[in-house]
Amino acid sequence: MSMRAITTQTLGNDREPNQPTPNQPTLASAYQRVRAGTEHLSAPLSAEDQTAQSMQDASPTKWHRAHTTWFFEQFVLAVHDPSYVPDAQSSKLFNSYYNSVGTPFPRHQRGLLTRPSSAEVTTYRQRVDRAMVSLLRGDISTSLASIVVLGFHHEQQHQELLLTDVKHLLSHHPDQPAYMKVAAPPDADERPLTYARIPGACYRLGHAGKGFAFDNEGPLHDRLIDEFDIASRLVSEAEYQDFIDDGGYSRPELWLSAGWDAVRKHDWTAPLYWTASREQYLYTMNGARPLGRRSPVTHVSYYEADAYARWSDARLSTEFEWEVACRHLKETPPIGGGPALHPETQQTGADFFGSCWQWTQSDYAPYPRFRASPDAVGEYNGKFMSGQYVLRGSSALTPDGHARPTYRNFFPPTARWQFSGIRLARDVP
Amino acid sequence: MSMRAITTQTLGNDREPNQPTPNQPTLASAYQRVRAGTEHLSAPLSAEDQTAQSMQDASPTKWHRAHTTWFFEQFVLAVHDPSYVPDAQSSKLFNSYYNSVGTPFPRHQRGLLTRPSSAEVTTYRQRVDRAMVSLLRGDISTSLASIVVLGFHHEQQHQELLLTDVKHLLSHHPDQPAYMKVAAPPDADERPLTYARIPGACYRLGHAGKGFAFDNEGPLHDRLIDEFDIASRLVSEAEYQDFIDDGGYSRPELWLSAGWDAVRKHDWTAPLYWTASREQYLYTMNGARPLGRRSPVTHVSYYEADAYARWSDARLSTEFEWEVACRHLKETPPIGGGPALHPETQQTGADFFGSCWQWTQSDYAPYPRFRASPDAVGEYNGKFMSGQYVLRGSSALTPDGHARPTYRNFFPPTARWQFSGIRLARDVP
Amino acid sequence: MSMRAITTQTLGNDREPNQPTPNQPTLASAYQRVRAGTEHLSAPLSAEDQTAQSMQDASPTKWHRAHTTWFFEQFVLAVHDPSYVPDAQSSKLFNSYYNSVGTPFPRHQRGLLTRPSSAEVTTYRQRVDRAMVSLLRGDISTSLASIVVLGFHHEQQHQELLLTDVKHLLSHHPDQPAYMKVAAPPDADERPLTYARIPGACYRLGHAGKGFAFDNEGPLHDRLIDEFDIASRLVSEAEYQDFIDDGGYSRPELWLSAGWDAVRKHDWTAPLYWTASREQYLYTMNGARPLGRRSPVTHVSYYEADAYARWSDARLSTEFEWEVACRHLKETPPIGGGPALHPETQQTGADFFGSCWQWTQSDYAPYPRFRASPDAVGEYNGKFMSGQYVLRGSSALTPDGHARPTYRNFFPPTARWQFSGIRLARDVP
Amino acid sequence: MSMRAITTQTLGNDREPNQPTPNQPTLASAYQRVRAGTEHLSAPLSAEDQTAQSMQDASPTKWHRAHTTWFFEQFVLAVHDPSYVPDAQSSKLFNSYYNSVGTPFPRHQRGLLTRPSSAEVTTYRQRVDRAMVSLLRGDISTSLASIVVLGFHHEQQHQELLLTDVKHLLSHHPDQPAYMKVAAPPDADERPLTYARIPGACYRLGHAGKGFAFDNEGPLHDRLIDEFDIASRLVSEAEYQDFIDDGGYSRPELWLSAGWDAVRKHDWTAPLYWTASREQYLYTMNGARPLGRRSPVTHVSYYEADAYARWSDARLSTEFEWEVACRHLKETPPIGGGPALHPETQQTGADFFGSCWQWTQSDYAPYPRFRASPDAVGEYNGKFMSGQYVLRGSSALTPDGHARPTYRNFFPPTARWQFSGIRLARDVP
């Protein structure tokens, strides 16, 4: 038996969606496309909206716009463009957590950075963009291409965060204003939740092939997976309401001990953005709408996902099972259509991508033989490998081209402001 | 025995500076003058600067501008102008603490109110101003005049807070930007600190006469005051530096017990805005300048003022002694010249007004027979009479016409972001 | 006009209860009597009961017993008895807050001092007692007598704290065990709450005469007091229940702003030790009994006392009014009978002493010309003069001979574990 | 290739140390032996020592003694002995976290349970012991034997915690008293730290065979393990001192992000119980001794272990690698000799057992197909599977017969009061 054969050949690790390659026109235009995407998302937001920070975990829109720009300035232009004069302030203000290139501005005070203004950030972005496009139209080394493509994916991550963060901010306003007012689509009929059986085997996991991946998606390695069942769709709002109605938030036996502590500390009685005033409604980026639809429940913590699964006599999958199931079922990220602002009901599909990130029971840990890159960019992922759980898939807000079966998103188990949902799994008896 | 004779006649309670009276042209134009003052102070600040909140005790500029406007809308227009249609949002967002007219928006989240924008707040101010001016050009009842004049003084209080709050905000920026860049005047020669002897007597204290005063400045009442000595000027930066150099912040015997707790909890080693990096300098609203001048030390807490006094073998005065000394020495608030942005060195004068507020050893308590007004405006002062100390005088930022000998400012003993300084007093042996 | 004449002669400042004087047999036997009192109170408590600390404000019984002993060792024996060898550990462990004689052990960790054992503390007490009695049988200088008598009163203060602290500890046990099981006396008939009119005048206040007083009770000084009314008894449990039933704890307009913050922060809905399970009952040191009696309400914070007074359209008195009323009505502390463990209903009497300490609206501040003693004992009172309110009178737990009309007790406005009650006062219209 | 064959046969899962089996005399005498062990450990501690609680994570000795007794009362006697009358208080006071059998007393207040006394706890233990021994001398069903043996291992866990908790308590005393004064053995010569190569394979992991194991050690399952190197001994104090001297606690690049946060929040500059006053010494249960020996460093958090490994250009092993290495190297727990009170230098041996628990990089998660038991005892392990890391091996304090290669201990990554040390591992290039 050849483990290698089992996995590589049956799951098609090489068939990643195409990613930008170091072909000059492509890279420059890909750069412009990604950068324009950020500006497009910021466009509906006023200078004031772009400045405020609603909690330490969230950052101001303006800061996202400047930080992603600083990333190119610091790691590309300062290294590869001798003529470029870096902005005097940016490194003091917009370094997130790269201790090796300076002292980051305190994270919880990003909302106090009223200067530079949003307009000045636009100017900063334009200056860096001009230098970047000029650079990318010249000769491009492999190392340059590599860091630029990392910058694309870094910026795409911030595009999603920009939206989740501004949603969190706007939700504090008594009017709970919409980011963009759009009528919710009609609710769908109930799709029965069934399970697909995934065979046990020794699978090769992690990223392979030519496309881009973050360092944490490798190294490629083999792992034994038992036969298991995976749910055909995510848990719906209506189903989650049944859990609440059955006393889900008041029965300690359904919760991990740390989860039960969180329920009591934060007085959780429902997912984030569920509101019980007058009639029950849900705050979405498109405005408020009644609860109870067949849409996937979202904005749940790991602990809520875990408790729901226990109540359902099921469990969450591991991140490895998820990856195997995704490939076995030939699920692929949607291309085109652009981000929706809420994972509304779908008539079909298994929701592996484009709806909600899916909590797994796997803590965020390095793959075997993982070594963080020795340079500053090496701080990117490795140092966060403690106290977080992996989420797989992607959400309605994830930019086109940013999702893939090996992608490992991660958040602390109490985080609820991301578009996080629940996919059930089961042992095979 | 006639106590009345002793006090009233010798201290001239009636000689208050003139205040606006319910004469129509005067009231309307006074209204416009006060309102323009607020806009003048906000003018150097961007939309972003006006939105951020650096701590719970401070409010965004935009919020100050809207809240003072709401005060006129809620307590004047809604009562006296039947044709006025109140803004739908204002009461939800800009009520500070008047529980009797609705539920105030949480104070510590004012920086999350990105909407309405600064520009929309300007529009709101203009709409209320039009209605107010129109109203004030009609017949003006005594009760209308009274609440309008209260609104003037309320807005003037917020003008000073707007500046102290934005100073606190800007100080968090690594560049510590100036609110308005102005060169500090040259330092003055040292003025010796001497003491004036104030005779003991039964004094009549509190506000009398026709001018405006807050409810907490009355009722007029008699109080026995022992002979005491009062300092000829405020304590200087240079003198305060001697206290630090003598180990002032590491000697518990100099501090009240609660003060020593605060020193350790907050790691205080100097007044707020003193910075020890490279060379010692002071952050002022005009920009940074070297420390050690003959300017009054400011941004000290009550506990620091008290410890300095103990170290000097002196004490702080009571608020009653301060009022008596102020009148005995015929000190009066400066008129004209407008607010400076820092209490820089003066060549002459006793600094009772126009330099720094002066901590007294008196807790903020009601005068005998004080009763809060039964209506909403009655929440104005009375309910804060616990856990605060009285400061007397006025600061470089206090608007013209807002200061008077009976004025009682008050802050918690740990507050340092106000322009608070130290005037010494002594018992007569 | 002679202010002095008005006050001194009419209120009889000199008629204090007799105190121990520096006559040798008296002083030695008074010492033994006070010391035996502490041991008597500790007797019902096991070694375990004596060791635990239920909150930072409370101390273990064992610690009270050792600290009061250390006081005599440190301030008497170490100074006046050259042959005495101080205990090596005591100063490290049992110094409370005298920074000038060493570094106190952290207050919040007193419950971790399992060593020395209770039995060893008894041995320590006996060793110090032998040396003290021997010393007191010799020649006694005035300064020695003075510090010894201070030690008596210091120990008596701790006797009351020992009881309030152990009550707080035992209340955490699910069984809420009695310190000493005694049946509550029958409830009394309602005594109507009336008001006595106290004339306004210039009164001489503070301690005079030969008896002992703490430094904070002086200097003697004159103060103008307006005519006022004082209640004939304390507010009862039944009356306080009416306040609760009228929504007292949910109406912000009845509360000081800081008090309303405390209500919400601590979820206060009733005084401390009121329990709502099954039937309403009160935890007392004699065991639990039903609520609603005519006994004085106790274990209320300053904020609750203030809110109750506002609800009653009355107010709390100042500490000066209280002292004047007490003397005017010729109220004196009870002598004999020893401490009761709860202020149960009285058939008669005005409750100035021996029932509950009475919150006044006066913050704890120095009297005019007060100077703390320059030696270590000077830390006794002065440094706590910030953030506390004065309570007057005495409680059912106060030892015989410890109460007097000039006594100034003080606690932070949120403190509830002391036997603190409510006496109303009113302005005369 | 048969994975099953590879693992089962080469690693000898069945060769567990013998455990008590349901043979009556053995079980009754084993019961008495375990119970006597707890009393033996408590014997040096006074009633006061046994009552105090130094932090929420630690419990009083008395509570450990009562809780382990309650376990037998609740899960054995109440189920299997109809004649036994349970103690009225125990379930209220000594239930730790079994929500399904009542409401546990708040964990952080266990130190306030002064009643029952230590002596009464002894009586309680004796009463339960009599009933248990009588029961165990009769017919013993398999289910009875199973829960009784679980009780043994539960009590042994608490024996180790009893010691670590009382060490933490005593360390707060200024004298840092020894639990038992014993001279430290002489330091050993340096043993070079080498690495053993462990072959990669598909290993069968988890507990098999007849002996006792906790539910979390199963189910038995297969796992692919890459070839790796494991250190020949634990990291020593002297080596850890080199890390400190090299700036280990001030270089963020050496730390996980959450670890760096912990360093700054808790001001960590050395392991727990290292003291820098005058000369550097280490607090041990045998008293203080100088630092810098060849003894294993202990009382480090996961974050410190991880940072040390990164500084050493090595890593921690996974819990699976540890188990494989342990078996491959035929390491077994020591039998006999009883617990030492500190892991002092050893001349030989690899320290897998009997020195310090060893942090692994594995979060504490269920093995594949793990299901918690449906009854109350099912709360034992499963609900803690979040936010903790697995430690393998055993410590100097672990009771005889309690350690085995499959044992999974777990603590939060910030925990330092356990005897936790560092074993390095490396990838094979």
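Order of writing sets the chain letters: A, B, C and D. Residues in each chain are counted from 1.
By definition in this document, contacts are C-beta pairs under 8 Å (C-beta built on N, C-alpha and C of every residue); 3 or more make two chains touch, one makes a residue touch a chain.
Predicted, not measured: the structure shown is a model, and the values here were computed from it.
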Shared chain contacts [chain B and chain C, defined touch]: none
Most widely separated chain from chain A, with each centre as the mean of CA atoms: C
Distance from the mean Cα position of chain D to that of chain C, given in whole angstrom: 48
Inter-centroid spacing, chain D versus chain A (mean Cα positions, whole Å): 37
Separation of chain B from chain D, taking each centre as the mean of its C-alpha atoms, in whole Å: 60
Per-residue overlap in chain A, given as positions that touch at least 2 other chains: none
Residues of chain B that touch chain A when the two form their complex: 46-52, 54, 62, 89, 92-93, 105, 109, 111-115, 117-118, 169-170, 172-175, 177
For the chain B and chain C complex, residues of the former touching the latter: 1, 3, 97, 99-100, 202, 221-224, 226, 252-253, 255-260, 302-303, 306, 361-363, 365-366, 368-369, 379, 383-387, 413, 427
